[in-house]
Structures are given as C-alpha cells and as structure tokens.
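The next part holds the structures, each set out as structure tokens.
Both complexes below contain chain A, partnered by chain B and then by chain C.
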Partner chain A sequence: MATVTIDNKQYEFEGRPLLLQFCTDRGIEIPHFCYHPSMSVPANCRQCLVKAGTPAVDRATRQPKLDEEGNPVIQYFPKLMTSCSMEITDGMVVHTHRSSELVERAQKDNLEFLLVNHPLDCPICDQAGHCPLQIQAYKYGPEGSRFEFEKVHKPKHIKLGPRVMLDGERCINCTRCTRFTAEVSGSHQLTIIERGVNNFPMTPPGVEFDEPYSMNVIDICPVGALTSIDFRFKARIWEMSSAPSITATNAKGSNCFYWVKNNEVLKITARQNTEVNDYWLPDEDREGYQRFNDDRPHGPSGKTDGGMRPMSWEESYAAAVDVLETADPARVLFVGSPHATVEDNYLLSKLAGHLGADTPVYLEHTVPGSGDNWLITDDKTPNASGCERLGFNAADVPLLRSKIQAGGYDVIYVLEDDPVSSGLFDSNVDAKVILHYYNTTNATLAAASVAFPAAMIVETVGTYVNVDGHAQRVRPAKAVKGVNRTLQMEMGKSRLDQHGTPFDKWYDETKLVDCKPGWEIIPEVAKGLGLELSYRGPKQIMEEVSTALPSFTGATYESMGLVGVRLSDTPTLV
Partner chain B sequence: MATNNGAQFNRHPEPTFSSDQLVFTSDEKSAMQGYLEMYPEPEGAIMRGLWLAQEKFGFLPPEVIRLVADELGIPYARAYGVATFYTQYFKQKKGTYVLDVCTCFSCQVCGGYDILHYLEDKLGIKAGETSEDGLFTIQEAECLGACGSAPMLQITNGRYVHNLTESKVDSLVSDLKDGKMPAFESVTLPQDETEMGGNRRDDVESLEYYKTPPVAETFE
Partner chain C sequence: MEVAKQGTSKAGNWRDYERVLLPKVKNLHKLEVYEENGGYQALKAVLTEEKWTPKAVTDEVKASGLRGRGGAGFNAGLKWSFMPPVDDKPRYLCCNGDESEPGTFKDRQLLEYNPHLVIEGILIACYAMSITTCYLYIRGEFADWITHIEHELEKAYAKGYVGKNIMGTGFSTDVVIHKGAGAYICGEETSLMNSLEGKRAYPRIKPPFPAQKGCWNYPTTINNVETLACAPLIINKGAEWYSAIGAPTHPGPVLYGISGHVNRPGVYEFPTGMLITDLINEVAGGMRGGKKLKAVIPGGSSTPPLRADMIDGVTMDADSLRTAGSMMGTGGMLVLDETVDMVTWLKRVSHFYHHESCGQCTPCREGTGWLEDIVGRIDRGEGNVRDLDLLADLCTQMEGRTVCALADAAAWPVRYTIERFRDEFVAKCKPTLTPAGSPLTVDA
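Let's look at the complex of A and B:
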C-alpha cells in the first residue's frame, strides 16, 4: 500500500488523491478558500500552501537515495506547494503549518495579502460569524496589517440578479462563483472582470444573474462578497439555530438547513448529500420560507350552529369523532397528503382501515415542464412517492369531483392539503370536511366542519420519500406551542436558546404557532373511535412501517440518519 | 478607472452599434474559423477573435464582445472577462492615438509619473480620458516590458517611444498631430554591445543606445 507522511505521521492511500481533500477527509485542517470538491481546482487563493517532498532517486542506479541511517532522502519541492492541486504520490512527505514554521509563515503572509484590499467591515457584513476568511484570518492570519494606505475601491451593493447582491470590495477572487456558473449550473452568467487589484465577479453587460440556482454562490462564497438580497441584515448567524432537514418545495427532497430566529424561519441553505443534491439547492427551495411563518393558525376550530369558532384541542377531537362515528364508512373519503410525512399518512390509512373506509387517495400537485432533471421536479410536493409506497393512489380529480357533487360522500377527511384549490370539491360542499391545514389561506377552511392546525415540515418529525425513492428524515427547526426548545433534544439551538432566557427581549411567545403534528392529532381522533394508536412518537411509527411494508424496508430512523436511505424499487404492496 | 466607482458602475450600457452593423464578413468569419482550428479548445481563439473585432470596429463595446463569443461558440461571460482583463482591448471608444504611459516599477522610478503628468497637463486631459478633438487618449499602463529604456510609452497598442523626456513628448505630440508616427527604435541593452555587435536587429537601421535612465523628480 502506498503511503504518505503528513506531519511526521504515516497514512495509507489508494489512487492519486488530492492532498487537500485527503487531509480534509482525515480531519487535518489546511486553510483554503478557492478549493471546492465538486469543481475544478484553480489553486488561485494560495492559502493551502504546504511544504512537500518526494523520495530522491539516484539517477544512475534508479534506486531511492538513502542517508547513513538507511532512511530515504527527501527532495523537497523548491517552493511551497498548493495542497489543493497536488496529487499525492508514494513516499511523499508533507509538512503543514503544524510541523513547518515556513508554511505557517507563508499562510500568515498570504492572509495579510488577501486582507490588503479587504474592507474589514465584518461588523456590518452578513457573512460575519460563518465567514471562512474571518475564521481563517483569526486562526492563521497576522495580528495586524502593515498596509496603511487607501484601499482599492470597487462597486458595492450591486444587485447581480433578483436574488444575489455583490460587494466587490470584499471579494478575494477565489472564482468559486464563476466556476459554479461555468461548471455546475452551466449558465455562464458570471465572470471575473478587470485585472489585478481591480478585479471582481460580474455578469457581462446586459445579462442578469437570474438562473434558477443562483443563490448557491452565496453558500460557496468564502467571504461576504455575495449575499442574499432577501436575507441581508435580517439576523446574525449566532442568533439563529439551524436544523438539518430537507426542503418541501418539490419531490427531490434536497437536503438543507432551516435557519430559525425567534421561532421564525429566516433562510434556507444547502446541506451536503451526495445521494440527493450534492452541495446545491435550487432558488425555489430557498424562497417561500414565509409560508412557515405567515398566515399560521392559532388553535383548532370547528363549525357549530353559529359558524366557525375557536375550540380547545379536546373539543375539536370530540367534534371530529362525532362526525366520523355516525358516518357510513363506505361514504367516508380519506384524502392523504403528499405534503405530510409517511408517518402521518400511515396513521391516516390505519384510521381509514379501522373504520372500514377505502384506502386514502392523495392529490397530485404537478406543474408539467417545470422540472429540469436535476434538483427541480415537475412534482411540487415532497412526499408523493411516500404516498405511493403506502399504497395510496393519486386521486382522479374529475371522477372523484363528480362523485362528491353527486353526494357520494358524507364525510371527507383531508390530511394537510387544500382540495378546494385543487378543484376536488367546492367550499359549499354538502359533505362534512375534517381538515388538517398549514396556513389560514387554505381555501378548504371555508368548507371545514373541524379544522386542525397542522405542524409543517419545519415543526414536525417524520419521513419523506423523494422522487428517486430516497427516504429521508425531517427534524424540527421551529418550536410549536407546548414544545420547549431545550427539552426537544433533536431541535437545533442557537446561542440564545442555550444561554438566553425566555425573558430576553428577542424572545416573542406569540411566534409559537398553536398547531400539532398529524401523529399527535390522528391517534387522539382514533382513540375516540375505539382505535388505539399509542405510539411513543414517529420513530416507533416508522419502525412499524419499515417492518410491515416491504416498500419501506430498512427505513428506520437509525439507518436514515442525516443522509437518508435509498429504498428498493419493490412495487407497492399493502 | 470608471468601473471603480460603484455609483457610476453601469451594468447595462446602451449599445453603440446597431444589429445591422454587427456582422462579420465571410472573410472575417473564415478567419475566425481558422483561429478555432489553431487551438485545442474554442476558448483559445478568443484573444485573436477579439483582436480581429477591435481592428474592425475600433473598440469593443459589449455587443461586439457578444458577437465574437457567438461567432466562436464560447460563453459571452468568458469573452467579456478576457476583454476586460487586457488593457490592450479598448472597451470604450478611444482617440486616434492611445498613449499608454508606463507607470510600473522601473518607469515609475525613472519618471513615468512625471511624463504622465506632463502629458496630462499638455493635452488638458486626465489619464483614461480622450481629448476633445478625438485625437489623443492617455492611459496609465502597467509594465510594457521595456524597463531598460524607461520611462516609455506605447502608441495605440503598437509603437514604443523610449527614453522619454519632456522635449521628446513635445515633439511626439506635434508629430502625431501632423499624422507622423515616430520611427521604430531598436533599443539595445548593455549586454548587446559586446555580444551582438551593438544591435539585436538586423532589419532596422535606426538605433538608440542604452542610456542610464534619469531618476524621477517624484522619486526619493
């Protein structure tokens, strides 16, 4: 096995790995800016310098030269090497800043150069706190600057496109953004213009940086040069908590972080998952987070003689039980949801089965032609695949609509969807409607007899199956009413969550939405109907699903972890 | 530089040339095709392509850069990045004579800025500007590779004028006003005196010999 010695420690390797990636994979940190594992290696930031050498070979005998003690003589490269672009060869000896003062000095000097024209406006910069330049200048950089002259001025706060803002002065010209548009998204909308100290990334004249993946450059920018127009100045990174989860905008289920401050989602950023979305997230996944914050209901409501009125949770369960227990099971329609988790849909199907009603159907939400065969799909829901695997069929809307209009159903139980907007029935429908809903803009609310506010993807625990059959967990990012962030062990916490108190000024209790996830509501309703669904939580539900249904084999919470599990393509069997 | 001011930074300038003007003749197109065949990647042909377009249109506004990129089948952004990198590609309309005064290290030490400022005062324009009669544009250039005969300047991406003095600038400007381009000067370096018989070139007669350059007034 070929070996490489890094900081006097031997490592084995196969193939010809790049030194920087090899070290990063083993937790040996080497400062860098321009290197990104899924793009080409320009080696232009010069920050990852190391001292490297290979065993010297005697030219006459072609044998390795040995010193008096029999150790190979190492012939060092005359200059320090950029570890990002250097392939490891057998017997190579590498010294990072940990074992070479020269390297340490080179990295420090390089950072001094990078900072010469950097405005150092960290106090007003959105990137501050998670800025590779800030962090690495702090760790590896000089203590001060010797540059006492006026810095070069470049365009600031330029809107490159509808979503991305440029601050040219902060740029260190790592070219990650231009390489992204050239190599990953292929839009070729960005280039580095001008030369020397004057250069910065820009669109060519007449071009807007408006591609559907433009906001990824904000994630990969190692400084604050590219920031989100939407998120600018809204919150500092340390005020927010982040929860590793998946997006719900389409059927790809791209991995993301939800960033939350004071129980409001403020931004969504990409999370690496090579099985699903690599490092990238389409802009449509990042936008539209307002639906998690705005128009959220407060507590359940139900229809009485005087119209809709707020109810307590117990009242609303009883109202739903009233509606369901008197109905003829053959005349009850259960509508599952591609927005809801597998767990919630599974409980709904158990409830339907208990009553003797048909297997739930689900409503499709596809926009044909809007997909791009990458991270944007035609299907605009996160869990249609999960519904299919549970044995639900997509509703034939015109057929079902005519049956509902003909009075074919007395009760329609809708899980986390909006069938009135989808045209399944009208708001003046005769059947009684039990509705789990996310937003008060839901058009089906007008038809509902009982309305349960439901926890959205950012507030619940559960499983989603993406278009490729990849089962992934979601984790709560926002607390709902009755959930304590510090007790909910899975919830991401910010510094304020951990070290602040509810009496701090930033804390606002009205931002806690009074809603419950389906796996809390459905068992309560089922209990009233004589069905005991006493699970300790979604984890236990998923354990049952993964053993009971072959289409979910292996999809336990342990195995899904943070990256999910690819389910086998077995046909759905229920 | 105009681009250095954020407030004035215009990302979407009005086009100078109409779509009728933005066409290459079949000769030019075949020249472009020839450039493409010279390099393994189409990107390689961009510099020759831009040069051809500059010769044709006089300068390279964005619409011309786009035309070249489309002709060569490479991304417009890439072509634009290359065009802005090199000062020899003119992104704005310039005067008949573009005087690139070198102010890089060697010329700076030997009075590059003295010459630049003298020229600015003489023509009444600042570096980067064009005189009202459209005859002269002054630019501040980085090293043009003639440190041995500093300070120096270059006329419109072509002829070098070496060992500049104020009187030499005076005669240069009046000559150019009369339409007289200065003659080519082959400047020898000290080592040429012995090794090459005092002349690197055998195709020119006019020779200027290496002199110890003056020290700039502004340099201490």
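Let's look at the complex of A and C:
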C-alpha cells in the first residue's frame, strides 16, 4: 500500500487524499482557517503551510534515487506547500511544525500577518472562546506584534440580512462565507468586495442576505466577523453548556448543539453528521429556540368543579387514572405525537393496548411546498416517521372530527400535541381530554381535564426517526425541576455546571421548568390502571422497541451514539 | 556560434538592426498596408502548406528559443506543447495585453503600430494548438487602443483572415477582445482567466496548470502580446533566423521600454542581449541633463534595482541579469539618476503593490500595506534603523508563500533596494542612540 511519512512517522493511504484532511482525520493538527471539508479549496489563508517532498527520480533510469544507505533521496518542493490543497502521493515526506523549524516559523509569521489588521477586540467579541483565530494565535502565533501603525478600518456592525451581522474589520478574508453561498446553498448572496487589505464580504447592491441557510456562515466563520444578530452579546461561550442533539423543527432531524446558559436555550448551532445534514442547519432550525424557554408551564393541573387548578404530580396521575379506568376502551381515543420520542409513543401504545383501545393515531403537521429537498421538509415535526414505524396512522382529521363531534369518544388522551389548533376538536369538546403539553400557549389546554407539562426535546432523552429513516438520539440540554437520574447523567455540562455551586449568581431556580418526560408520566398513569411499565429509563425502552419491532431493528442507544443509525426501509420480520 | 561572455554585447551589430516587430513602415496598422508588406503570409503558409502541421508550427516556435515576453521568460513553444491532445471539448488561447507593471508600455506600442502582427500571431498560435477561440485581454486603461484594435480586427474579419473558414482553408478561429477593469492582478495569467470568466480576479492555485484546466476549466494557453507577435516572424523567416538574433539563451527581437531620466525615453526594438549601458547612453540618448546614473530597474518595477556600479557589462537577457542580481522581466527599463531619493522611490513602488494586492492571500494582503507603512515612515524621517531589519523579515515572510507572485513582486524591490541602497535608508532614519564609533555601531 502507498505510504506517506508525516513528521517521521509512516501512514498508509488509499487514493489521493488531501494532506490537511488526511492529517485532521488522524488527529495531527495543522492550523488552518480557509479550508472546509465540504467546500472548494482556495488555499488563501496560507496558514497550513508544510514542508513536503517526493522521492527523487533519476531522469535517465527512471528509478528512484537512493542515498549511500539505500534510502530514497527526497526532493523537497522549493516552496512551503499549503497542505489543504496538496494531494498526497506515494513516498511523500511531510514535515509539519512539529518537525520543521521553518514550518513553525512560517506559521508564526502568517499569524502575525493575520493579526496585523485584526481589531483584537476579543473581550467584546462573541466568537471569543471558540474562535479559531484566537485559539490558533495562542497555540501557533508570535508572542507579540511588531506592527506600529493604525489598523485598516472597514465597515462594522453591518446588517447583511435579518439574521447575520458583519464586522468587516474582524474578517480575515478566508472566503468561507462566500463559498458557502456559492457552492453549498447556491444563493450567491455574498461576495468579497473592495481590494487587498480593504476586502470584506458583502451582499450585491440591493440584495439582502436572507436565504434560508444564512446563519451557517456564522458557524463557519473562523473569526467574529459574522455573528448572529439575535445572539449578539447575550452570553459568553464559556458560560454556556452545549448538548449534542437534533433539531425538532422539521422531519430532517438535523444534528445540532443546544447552547444553554442558566437553564435557558440561547442558541442552536449545526453539528456535523454527514449522513443527515453534513455541517449545515437551516435558519428555521436555529430560530424559535424561545419556545424552550418561554410560556412553559409550572406543574400539572386538572379540572375540578371550580375549573382548572394546579395539582401535585400524584394528584394529576390519580385524576388521569380516574378518567381512564371508568371509560369504555372502545370510546377512548389515543393521539400519539410526531413531536414526542419513539419511547413516549411506544409507552402510549402499550397503555392503549392494555386498556383495549385502538392503536393511537397521530396528527400530521405538514406545510406542502415549504420543503426544499434538502434540510427543510414539508413535514414540520421530527418524528412522523417514528410514529409510522410504531404502526400509528396519520389521523384523518375531518373524519375523526365528525366522530368526536357525534360523541364517539368519552376520553381523548393526547400526547404532546395541540389537536384543537389542528382542528381535531374544539375546546368545548364533550370528551374528557388528558393532555401532555409543552407551552401554555397550547389551545387544547382549555379543553383539558388533566394537563401534564411535558419535557421538550431539549429536556428529555429519547429517539427520533427522520424522514429518511435515520434513528437518532436526543440528549437533555437543560434541566427540569425535580430529580431524574437518567436526565442528569445525560446532561451536557458547562464549566459553571462542573465547577460552580448553587450559591453562584448564575444559578437560578426559577428557570427550572416543572415538567416531566413522557416516559416518566405514562408509567405512573399505567400503574394506576394496573399496567406495570417498569423501565430503568428510555434506553431500556428502546432496547425493547428495537427487539420487538422489526422496523426498529438495530436502533439501540449504543449503536445510535452521536450520529444515529439508518433503519432498514423494508423491515424483515423477526 | 560564439558564446558571448558577460561583459560584451550579445546583440551583435545592433546599430544596423532592422526592426521586425515595429518596422519602419508608415501606417502599418492599416490592414492594406500590412498586406502590402507581407502581412498574413505566415498565416497563409501555415494554413495552406503541407509541411506546417500544427505540431510542426509548435516545434518551429520551440526551436526558435522564443521566451515569453510577459515577465517569466518561459519557452513559448514548450508552453504550447503542454496543451493536451485535441478532443471534442473547447480549448482557449488568451493573449495577455493587460500590461500593467509600472515601467512597462511595450505591448501598447505593438497594438497601436502593428496590431495585425499580433492578430496574425494569435491565429498561428490557435492553429498550432487547434484552438478556435482566442481572448485578447487588454487593460481597461488602454481604452483608445482597444477601439483602435477592435477597428482593425473588424477589417481582418471582413477580409476573411479571422472568423469562419479562414482564407477558404476550413480553419476557423474567433478573436474576442476583452477589456480589463483596471486591476494589476488581472495580468497574472490565472487571475486573467477568472476575470475573463466574470469572476473576481483572484489568482488560482497551481496545479492544475492552465494547459490542464484554464478558462472555464478547459485547456488554455496564455501568452503575452509581444510573444505572439513573434510567431509570424518565426514562420516567415525560420527558427534559425530567430534564434540567431541576440543572446543565444534568450534570443529574438525585443521591445525595450525605456523610461526615466534619459534624454529619449520610449519603446525601442533591438535584439536581446543589449548592454544596459548601450541602451542608456546610445539608444536613449544618455542621461537627462548630464546627471549621473544612480539605478537601473531592468524589467519593470518588481525586478530588483541595479546600482550604477553594478551594470558594467550587464546585458539584457535572463542569464546576464540573473548573474547581476536582477531579472529581465518585461524589458521595461526604469532609469533613475542621482536626484532620485531611493527611499521615496521605494515608497511609491510599495504603495503600488499595496494598492494592487488582490487580498486573497494573507501574507500579501497584510504584508504589502505594512511594507508601505514602514517605508513611508522612514521616508518621513520618522523611521528607525531597526525598521530595515523588520522590512527584510517581512519580505522573508511574504516571498514564496502566496498563490501568485505578487507578494514576491512586492517584496523584491523592498529587499533589494534596501540591500543595495542601505546608506540612503539609514541616513533617513532617526539617529540611533549608539554614538558613532562605539563598538556597538555596525557599519552600514
């Protein structure tokens, strides 16, 4: 097999990989700014320079030249090479900064240049703390600067569009953003204008940077030149925890990080998953994080003679049991949810089965024509595919509505959805409604006899199946009130979470939402109805699902890991 | 053939030299005059005579030893032979008339006085490489010359020398004139292609080279205007005739654009290998006002300047100039007399490269401005002697570390002007605190 020697160590390779990517894949760090694995290689930041050579070939004999000891003579390229643009060839010898002082010096030199006209306003820059320029300047840059002149001034705080803000002075002209709009999203809404040291990215005259993927340039900007208008100055990166999870805005289930400070989600950024969303996230997935923070309920409530009143959890379970145990199973409608996890829906179907009711249905939330065949789907829910695989059918809303109106059901059990808004029934419906809900804006609340506040995607552990049949786990990003060991163990932690104490100022009890995940509520209700659903947690539930249902074969927590697992399209019967 | 030594002219009997690129013919720019003087005969020959297969034309140019006149001095025929075998995909020729290096103005002369020679050269090159489209890229500042050559090109089209079925031979080639928008960087060949494609004129990384992936990712050759103008001469008179002119390793007639403090600045056609002293003292009529020569920049502002005491016996060809410590470049020779403040001169040159850096690569984008800042500070009398070391450092940090050669072009004048005129720079710096004569003082 072909080999390459990097810093005196041999590696095997196949094909013609690019050196920088090859090194990155093997944990050999080479500083760089402009290179991005899913875009073209412009080699313009000049940071990833290495010394490289190939075996010298004797022109006459066409044989490799050998030295006295029989080792191939290496002919080094006369100039340092950009590793991002150089394809590896057999026998190539590469020296990074680890084994070449010249390369170390060159990288230092380049960082000195990069910082010459950079404003160095890290203390007020949103990017500080996770800024490739800041990090690499510390690691590879010079001690100080020899630049003694006024820096170049360029436009600052320019709104490129509704969501992205430009600080031209921070820009290092890596062109990642312009290449993104040209090569990935195809909107061509950004271009570099001006010349030389005055360069900066800008929209063409009269154009607004409003494409549905615009905020990705914030993720890939290696400095703080492009920041989120919404998130600017809200929090420092080291005050936040980040949880690797997926988004719930549509059926694609794009991978993301939820960034949380003081138990509030403040922003959502893309997380790499080449199987699902590559490195990208649509703007609609990033926006609307407020629904995780605002209008959240505080504890369960139930309808008594005097109307709705807050209840303790035990009271509310008992109230739900009360409603269900007296009802005729044929007149109980279970409504599953494409918003809820596979685990929650599975438990709901077990409960329905135990009572002898029909298999739950689920409500579709599609906006035809809103999808783009990429990361935005017509379906605006994350788990319709999971519901289908559990054997749920999409509700025929007009048909079901007329049946409800005709008094066909005594009890409607709704899992994490809002059927009143969907038009399934009205808020003055005769049937008793048991509701799991996220936000107090839920229109079905008015119709509910028992209302359980449910943990949202950022507060629970569970599984979602995306539109392509990709099963992925979600992890809790923020804590809920009360103690749940599973949730706590899965929680992403910030430095403050790890090293702070409840006496610190950042810790605020009032931001904890009093809600519970479905897999905690449903077993409590089931217990009252004589069904023991004693699982140690959603992991065990999913193990059962993946063994019991062929459409979920292989979807265990271990195999899903951080990137999920593709379920087979035509499930074979076990 | 006798090998000329350093120190003697390689231009032979240059005083009797008969001009071929810009012959002494009145109104030669007019098609009918050009025809009367043997115009388009070389094209006719390659298109009609059997011995002129495309490969034979390329080989003839290769054998002539013609080296590119755009600055890099690469063998033109060899460059043509890098084009891949013909297939059904498009391939292009670009004629580079972006001429924007300070001190260079020879292509303009050709386009003005002998445009049909350029067009004929383009057509011969297209035939040699089986190309059916040539882009003639002319810098936008040459607006009048663009109109002029467009007019002549139309006439050539009308006469059937260009376009479909040239002279009834079945060979077709279109020539498209493209007007630049005033950026120095567009003269860089890959940048020129990006500009032509309507993109931002950022130079491309090589490989792939233009012959593999050029305009619109198809095989492309890029030649300078003067280089292509030599092609008809080589076909008419033969490679041997051509290679016998001037310096053996860098042969041919060449247009010297002499500017600066001489009595008769202008474009002069002579063989390569002329003594610099001959060019200044005889061709250009000597130093203006009888002043003393201070420096010669042989091939455009980016080539390292030569001190007056360095030019004895130096001839204008690649080898001799390399030995002397400079380069042939474009043959645009700047002559500076004793009144010139080399610091101010360098400030102006540095300003140019700062202004023209495209901004793609970090070292050039940031370095060119920094160089100008420091040189400007020295020029204002506010610099320190240590700044000279910093300038040398910055040059090292820029040279060879960018996509194209603009960083080198910006760094060389700084490095070599300081190296060769250090006294002047030190004299303009603020006095050091070390008293003269102390052991810490370093002789400049």
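Here is the rule we go by: the second predicted complex is superposed on the first by the 565 of 574 C-alpha atoms of A that agree within 3 Å, B and C clash if a C-alpha of one lies under 4 Å from a C-alpha of the other, contacts with A are read in each partner's own complex, and residues count from 1 in each chain.
In the analysis below, contacts are C-beta pairs under 8 Å (C-beta built on N, C-alpha and C of every residue); 3 or more make two chains touch, one makes a residue touch a chain.
None of these values were measured; they are calculated from a predicted model.
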Let's test your reading of the overlay: on chain A, do chain B and chain C clash or fit side by side?
clash
Taking the superposition as given, does A:Thr203 touch the first partner, chain B, the second, chain C, both, or neither?
first
Between chain B (first) and chain C (second), which, if any, makes contact with A:Ser85: first, second, both or neither?
second
If we overlay the two complexes on their shared chain A, which of chain B and chain C does A:Ile192 touch? Say first, second, both or neither.
both
Which partner chains sit in contact with A:Leu114 here, chain B, chain C, both or neither? Use first/second/both/neither.
second
Report for A:Thr181: first if it touches chain B alone, second if chain C alone, otherwise both or neither.
first
Could you tell me if A:Leu531 is touching chain B, chain C, both of them or neither one (first, second, both, neither)?
neither
Examine A:Ala106 and indicate which partner it touches, taking first as chain B and second as chain C; both and neither are also allowed.
second
One more residue to check, A:Ala43. First (chain B), second (chain C), both or neither?
second
State whether A:Val152 touches chain B only (first), chain C only (second), both chains, or neither.
both
Can you tell me whether chain B or chain C touches more residues on chain A?
C
For the superposed three-chain model, which listed region of chain B (5-13, 41-49 or 131-139) is the one that clashes with chain C?
41-49
Identify the overlap between the chain B-contacting and the chain C-contacting residues of chain A.
152, 191-192, 194-196, 198-199
Within their complex, state which residues of chain C touch chain A.
183, 200, 202, 205, 354-363, 365-370, 373, 377, 390, 396-397, 400-403
Touching chain B in the complex, chain A uses residues 152-158, 168, 178, 181-182, 188-196, 198-199, 202-207
Spell out the residues on chain A that touch chain C in their complex, using ranges where they run on.
41-47, 49, 78-80, 82, 85, 106, 109-110, 112-114, 116-117, 146-147, 149, 152, 172-173, 191-192, 194-199
Sites on chain B touched by chain A in the complex:
1, 3-6, 9-13, 62-63, 65-66, 75-81, 84-87, 142
